[in-house]
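Report on the following structure.
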């Protein structure tokens, strides 16, 4: 299942390397983190069943909208990335929650300032339906940062 | 949009009357509620944009699964109503949250004991894909009960 | 920190054995679970930082209310276990969320039917302030059940 | 109850005017909003029971920590604003959720970049315990923005 998710993200233009760039960017103020550690944390997040289900569901909806295979009014809502449609944030929240609420801040920040790959997804909104994927990717990155905060803390307390 | 949602629920076998039965059942221990008040509360819940988006998204996925129009592995997960798939509960939670966390208890209870229409949806799982709708309906009922609790309280404090 | 939490629960009348009884009760329909496995799962839940923080915060508020050490109107709200106060459910949700949304149903069910230790906490509401602890304990039990569902699933897929 | 909440916020250094500044700042890119409209939206948010309960609970904990009236280890966790303690974000989330998930992004952004009054609260962390209030205020502002987005949308569709 994990390989399916990693391939689905890649098919939509997002690699683990792209996400590692943002994990490093967000953490550089706090910890001296290597790229390997960032990738390891992203892999642990992507191993979680709840994360896989959210990604699978959200990207499926993005792809169906792109192929006009959804009925109205959902089709237009997703194609326009309608601001009052919040199910994309709801699925994202189910990802950040797994490592506790400390991921919320990073998720909201990434979603707002559209750094790196999240900005790229946002720019390609005209050709593609990226309604879910930007939030899912921001949530995966935020969860990987939370996981790092938790693990550094528990090392220190030993 | 509200009419679309009410029709979509009806198409999948759920009427406002069915939901009113369960609102009355859950509230009978606490308040002397008329059927009209139960229906009015359900209508207010169904007027909310966030509720409409959750219902629209969940029922769309149920229908696509039923028509085998989703790719694997999501198709099998939804058709089997896989117990570790929690996106149906996630969407339901976005409904109960609108009237605060007090709806959680009623939602969980309905989802577990499968009273009334929720039991009926569950029995028809073999012919239909009812993975999302049972949770959505339980959440709408729980939200209508929360709304009643809030409004009775504020009348009293006047 | 974990010992502090276990002692705090015990001080308020809840042992790991009490919680194991309910894990076994909830799971008996699905799996052939031993008491040791139930206790192991509860211990894993109690090892989580987010769970510890929720328990610490909620029980602190219960104890302060019991000693009349809170200002009004919060004091009366907690002492009466005011039905529209939902912060107890909010903290409980932060516990169930750690193992995904599948714990919601068991949480709501326990909170409603007040099985075992949860019923006992509820009966002693007159002498003590048990506003938070009943929801926290229901959430810990529900999370332990979710963790079991996840681990049985992953064993099977190996 | 609403007056109590407004006074409690003021006592901790936060006025409705301070919050209106940030509502205007966040919305200026999207809508031509007057200060009166921003204040009206904040007042509607503060009228909600769930918001009042979250503010009451969080600020009570901040004040008790400041007066050293909590037991350890919660006292030190709150006084240090321990990064792995996420109950402040959990309470904040219960506020943003009332207007749906679209408030999450603004909440996370405010919490991260610490604009205006949120930055001021953060600077005074040494003398005061502001562990909860910064997240609560960010959530109230984010909720007021979501409410504006919903109401502008529904005007348009008439």
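Note that the chains are named A, B, C and D in the order they appear, and that numbering of residues resets to 1 at the start of each chain.
The working rule: contacts are C-beta pairs under 8 Å (C-beta built on N, C-alpha and C of every residue); 3 or more make two chains touch, one makes a residue touch a chain.
These numbers were taken from a predicted model, which means no experiment stands behind them.
Ranking A-D and C-D by contacting C-beta pairs places A-D first. Chain A and chain D have Cα centroids separated by 25 Å. Separation between the centroids of chain C and chain D, computed from CA atoms only, is 28 Å. Shared interface positions of chain A, i.e. residues touching 2 or more other chains, are given as 49-50, 84, 86-87, 90, 93-94, 100-101, 150, 153. Because contacts link each chain to all the remaining chains, their graph is best described as complete.
Those residues of chain A whose C-beta lies close enough to touch chain D in the complex are 83-84, 86-87, 89-90, 92-93, 100-102, 104-113, 149-150, 153.
Here chain C touches chain A in the complex through residues 49-50, 94, 97-98, 100-101, 150, 153, going by the rule given at the top. Chain A makes touch with chain B in their complex at residues 1, 4, 49-50, 53-54, 56-57, 60-61, 64, 69-71, 73-74, 77, 84-87, 90-91, 93-94.
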